[in-house]
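There are two complexes below, and they share subunit A, which is joined by subunit B in the first and by subunit C in the second.
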Partner chain A sequence: MPEKNLAAENMLRRHLANPFLVLSLPVDAGIEQIERQGQKILMMLAAGMSESASYETPLGTRSLSEELVREAIAELRDPDRRLIHEWWARAWRKP
Partner chain B sequence: MKSMYIGIDLGTTNSTIASFDGEAVNVIANPFGENLTPSVVRIDPRGGTTIGRRAYRFLESDPLNTRSEFKRLMGTETKLEFPMAQQSFLPEELSAQVLSSLLSDASDLLGYQPKKAVISTPALFELPQNHATVQAGKLAGLEEVVLIQEPIASAIAAGWRKELGGMWLIFDLGGGTLDVSLLETKDERLRVVDHGGDNFLGGKDFDNAMVDWALAKLHEQFGLSEVRRDNPESRSILNRLKAACEQTKIELSRVQRSMISVPELCRDAAGNSVEVELEITRADYEALIESLVARGLAVCLALLEKAKVTPDEIIHVVFVGGPTLTPLLRQRIGDAFGGRIAEGIDPMTIVARGAALYAATAGLDARPNEPAAQQPAGLAVRVEYPPVTADAEPFVVGRFIPGPDELLPAKVLIKRDDSQFSTPEATVTAEGTFVLQLQLQRHVRNLFHLSAFSETGAPIPIQAPDFAIVHGVSIADPPLSRSVGVALSDDTVHVYFKKGTALPARKTFAHQTIRTVVAGSAEDLLSVPIIQGEFHRAHRNGLIGTLTIGGVKQTLPAGSRMEVTLHLDRSGQMQARADIPSIGQSFENIVHILVPTATLETLEQGLASTEKRSADLLRKGFSSGEKSAVKILESVPGLMLEARRCIESARGDDPDAQQRLHRLLNEIDSALDAAEEAFEWPQLVNEANEQIQIAMAWVSGWGTPAEQRLLDQAMEKASTALQTADALELDRQVKSIKAVTLAAVNRNPESVYYDFEWYVENITLATDLPRATELINKGRGAASNRDRDALRAINRQLYPLFPGTEEERSKSYGSGVH
Partner chain C sequence: MNIGAILLIMYLFSRFFKNKETTSPVSILAGQEISSRTIIVSVYTVVLFFIVTYTTMVYCQSYLDQIRSSWLRDIASFLVYIVIPIILLRCVPPWLAWRVLRHLGHSLPARFIFWFTPGKGKADLVGFGRLVEASRGHDPSATKPPPSTLKKRLRVFFMLGEQEPQGDLDAWAVAADALYAEISGDTQKAGNYRHSFNLLPRRSQVPRLIRIFAFEQFALHAARRGAWGTVDNCAAFGAGRSMPLLRLLARGHLTGSCNRALLVLYWIIAPCRLATFPYLRSLLSPQKSSDVQTVTPPDETFQIAHLRLLNDAAEGRPIELAQVLSIAAAWQSTFTSESYAATLARGMEVGARDSHGVADAIPEELLAELEELVAVATGGLPEELLENWEEWRETLVGTLVIRLRSRLFQKLEESADHFFDGDAEQAPPLLQCWDTWLAMHDATERLGYLMGTEDVATAWYGGLQITAWNGACRVSNTYGSKGNWISYLMFSWVVRVADIVEDAEAARVNRNNAATCGIPLYTTFESFLRLPLRIYKWFLGCLMRVCSFAWWGRETPRFLLNIRSALVNRITIVLPAGGAVVAVSIFLSLWSFSDLIVSSLMGLPILVAGIALLYILALRIEKKRQREGSHMAPEKEAEEIG
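Let's look at the complex of A and B:
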């Protein structure tokens, strides 16, 4: 099996965009909480609040964008996708 | 000036524009005093354009230079000709003319040209058609256009509320087509769960039923046997009769009996003028349309069955479109759903009304920006708030923008104007921003007032401190109908956006180039094909655009890193960009996704290739004995037969047959696709099993406990996918398993030797054999010195030289990336 650093890198990219990380929410957050938090971050981005410009990941701070937040909300609205993200988010958080 | 929100129903036959000022919705009439403007454009020999009712009058007398029903061609590159003026236009350009006419009617009433609007599109529109609609809006001078699906607009206008729960059925019967949609609130959002319809059932068919009846009577009374549908000479006679029948049909929705009257229709055999005066009762008419109504009901029931919903679960039926004013239809459909019909809404303007209401949700104030001079005194503040929301306790965010000698306030608070609610005082940050959470009264418009105070508590006057939030509907963003990704050189796909992704969306992933691109050469190009579809093999998906890398400033060696960014906006326009950090160059392309144009010629070609493909697959199905594939293929011969019949009628210049053929070909193709998936299934299962074995060996030996846990979970999901034969899910899990394996493999210091061995064994697959040989010779040296780091570096250089086989690459739209 040849070395595939890129595959690993791209995988990491996907997982660092885990919706629970992006929205800074616990994995058991309810849909109302997700929508509210998502809208709040979008408005903070629109107002240019520096606090909203980044989010925390296990590998440090990454920058936030409107698309990232919208996608995170949309991903968590879909129950099947949400399951997958919950799974990865738990894997990330528990050492 | 009050906020103003504009909604537009850009219909196939008629279009409507409505406004919403936060309190009431109004339909804006055209200069003829009508709510409906015909979607018709005429261009006269001098190039003068007429739109709407005036143009409609020429449909009969000058059909060549008068165009209608162009909505059906939206998103295609079909140019519509106006021979007299020697001009031709895209469907979106003609739609733009209709929009301009509606917007100028609005401007007459409002005193300004609206700058933003919501336009409705059918639920079955895909990205290209939606994109063309936005384009039409832009051409008509709108700065911002937001789309809404027609059934959702109807539901909003009919007072949809999530508290009511359950499903709604939207029954939209227009001039030529029936669209039925099932709506439901899920996760706080209104969305179309499923839709169905009949492209060949509409008001026209009701007219034709009456025309046939009238013709039979005329043959009886006047013996006009030469007036027939299949006689081209009687076309104009039939058209006049049809217009009269439509009139009578509309009257019969209101009254019990009416008259079809056409003065001097034609001359009879004896040369006497034929005066048509046929009395018809509602009961007579209903007998004629009974079967059409039954067909409409059947479409609803079929949709319910497909979505596994019983009629009892439908709590509301909403009627849209002129023909739904027919009493028999309302009764029959109403009976099937226990009479749960939303009453008191005008089915002709409901879509535009809903679109205007939605414009408020989307925050699309149509007013032009106020000139700076009119700004009131006080500190400037920008408040971000949802104009309409389903959340009863939303946040608002604000930012003060102080002038040169103005100070930031220290504290702010927001009060609701019924004085039942106030936020606590919040501190303003050093940036001048603040965040507050409000409480809304349900289902009404809530007015709020923002107050700001200095350190000492003295009030500070602010510009525009008032804003309103309506507690109401939230709508799901329009989802992507098919996945979008990059085709890789080994004929696999790197998915960027999965089907169902909410738009807009942007993603960046890293790739490697598979061969050298020479500096300064205009011919040496590397392609990054962008594709749309759900298949694992790149070539099975449709190519929607290509990023071309060429004219590089510096020779780009194979294996260079390339970051590709795809950005899809809400209307489906895509921007693709490739960044190559090593040479500091970027390449951009705007990709337009188009609906394949359905000319007779392309359809004939399509039919021929579908015929070949289905014959191949049928043969393969019988010889392999793959049962599920054979089962899927059962429907194909019947559909092929119908398609062949259609092409005969289409050659006879029947545009409807052409459309039907287009749909049939799509249907056949998706059956063939499904069969092909089924053929690939055993191979996929093999791959999965092999991958699982490799993973177990590596992860148990070298993985961390966390990796082991991930692997267990992925394997569990993979086995569920195996049981349910879910190819997409299996593929997804195999990818996760591969990633976990990779992490474990890299932890084993010996893995670098195994990787190298793989290259040695597969050297014939290298794209650049001399270079691969050179590297492998070097690698042998490093391996015998047990110099792992050197060998790792060599492996890294070898990797891009093995981008898959030549065959895979050319299949994969000539992809130059891995």
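Let's look at the complex of A and C:
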């Protein structure tokens, strides 16, 4: 197999773990909506519902975990971090 | 047979009671350095040749007699009785050693059988042993426990060689290390070592068995990894029956189409049929499992293309530099003053503490990603960018190219710092020298390829000249003959770069330095002539020795030595004289086969024409050698820069 590039892999993973993609929310979602969506996904994950086990990204579906959801909520609570994620999420939006 | 028995007894005596391990008592009689192995293998070859010829004669004579045309019968007889036995004697020992015994895991018997290959020297025997060890997953450069006395004696007896960690680093050793790196999973290192063979000048000869065995293994390992580009490169450099098949398999997997009939034919002819069968089947089956290329949807945005490139880079798939730069150019359109203001406004809406900092950090973050992509991308800079550089300088693409340039310089500087990082007392291992030199070489080549000759000249006069030149000299002077092969490549490369940057002095001195390494350069035809030349030189040496003993009963007088030297070293004399000897021998042997050529008096004009042709060829070779400076220079220390 060809040799993997760790730096590129980390960058890709960061983009595909964009909080707006993880929570399947639009970039203009308010903080209450974010919290509500996050809790909903966490509950669905805890209940073991199959539709909550993955999320859509520009490169296909990825598996979802509780850590990923909690991390996404925490990232969006910080306004500076949210601004960066918003910028990237706009770029990943499908035309 | 009696002569063979006598020689064998002499050989046994010389092995166990003489200090010299490779010199036979025959050398004393012949006045030449002839190893006992050469004598034994020669006797064995001649005896076996007659046995094979006699056997074929018994079985084939009746068939040959049925050929009506006498000249056709003669040619067929020559092929059956002379050519085929020679081919068999030459090809069977390495085939048996590599394809059968090594394959079954018997490395010592494999080396023993290889010992009987005619025309192979000690370097080949040791190198073959290393390659066998490497192919079985053992480090060919590792320190081995000292062998037992019996094993040591057997090794000395059969000249199987001691595998010291600080042994010679010749073509065999580099091939063995490349194979070991490939088997260990270090594909980058393996690729670097393989690349060493591409650095050799056109005329230099890599032993054919390396091209057959080692490159077949490289290609098969690369095929297992799915790296069909590497398979194609290996097949282009390799030799032997498997290479056409591997080349066709690689083309088939890369392009998705190939000539199926030819593929099956090559597969039948080639060795390693079991190993290559899955690849053949995958190409012949209706749904080909060729390398899945990333298919770009037509409506894909450049942002998604950016993500896809990151994905390809993460997976280790090749990405094109031009593609990365086109994406960078597209990103440029998103960094306008309006978009900057929009980010600030959005920052105020969400309550960001440092909207300016975020707005400034985003392009930097993007640049870092693109820089990572550019660093692993292949291919050159687009023509359009080079032609209109001033227009691009202030853009994202321009910044990226400038950063790439400084990264290339930095990489070159780091690799140059590591090259021969030691002094004569504490010199680094030879293989480490080669690793660090390859890194420096690659960095320079990449700089030249992407940024052009001017930047190479900047690096050259900024310190690369001294490092590359003096480092190569130190390797040559420290390791001597052990490092001849790699120091030759180092000097040749210095000459090449010096020619590019028009440093005439460096080119001249290093051309001489390269000649001191004593690596002979042959064309295929010249290498074909090597065996008769060696026999001719040996014959001449014997003649001189006999003359001097018969006439003076003491050492050969100087004038005879001078004559011998002229006859041996002047290629304009060697080739025609050698050719005449060979031609006369052939005519004498043909006498019994056919009356046609000799009786028709065609022999003399053919002989004269042949000698004239050889004389012209010799003149051409001598002129070419003088022009290229590739003659065998006397041993002397390489000349460093002042």
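Here is the rule we use: the second predicted complex is superposed on the first by the 88 of 95 C-alpha atoms of A that agree within 3 Å, B and C clash if a C-alpha of one lies under 4 Å from a C-alpha of the other, contacts with A are read in each partner's own complex, and residues count from 1 in each chain.
Definition applied: a residue touches a chain if its C-beta (ideal position, glycine included) is under 8 Å from a C-beta of that chain, and two chains touch if they have at least 3 such contacts.
Because the structure is a prediction, the values reported are computed rather than measured.
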Legend entry - Partner chain(s) touched by A:P58 [first = subunit B, second = subunit C, both, neither]: second
Inset, instruction - Examine A:I73 and indicate which partner it touches, taking first as subunit B and second as subunit C; both and neither are also allowed. - result: first
Inset, instruction - Could you look at A:K40 and tell me whether it touches subunit B, subunit C, both or neither (first, second, both, neither)? - result: first
Inset, instruction - Identify the partner contact of A:W87: answer first if only subunit B is touched, second if only subunit C is, both if each is, neither if none is. - result: both
Legend entry - In the superposition, subunit B vs subunit C on subunit A residues touched: B
Inset, instruction - Name the residues of subunit A shared by its contacts with subunit B and its contacts with subunit C. - result: 1-5, 7-9, 11, 84, 87, 91, 94-95
Inset, instruction - Using the touch rule from the top, collect the residues of subunit A that touch subunit C in their complex. - result: 1-5, 7-9, 11-12, 15-16, 58-59, 79-80, 82-84, 86-87, 91-92, 94-95
Legend entry - List of subunit C residues in touch with subunit A within their complex: 187-188, 225-227, 299, 301, 303-304, 306-308, 310-311, 313-317, 334, 343, 346-347, 350-355, 357-358, 361-362, 365, 369, 372-373, 376
Legend entry - Touching residues (chain side subunit B, partner subunit A) in the complex: 186-189, 382, 384-386, 389-391, 393-399, 429, 431, 433, 435, 474, 476-477, 479, 494, 500-502, 504-506, 508-512, 567, 694, 706, 709-710, 713, 732, 738-739, 742-743, 745-746, 752, 754-755, 758-759, 792, 795-796, 798-799, 802, 818
Legend entry - subunit A residues touching subunit B - in the complex, by the definition given at the top: 1-11, 13, 31-32, 35-36, 39-40, 43-44, 46-51, 65-68, 70-71, 73-74, 77-78, 84, 87, 91, 94-95
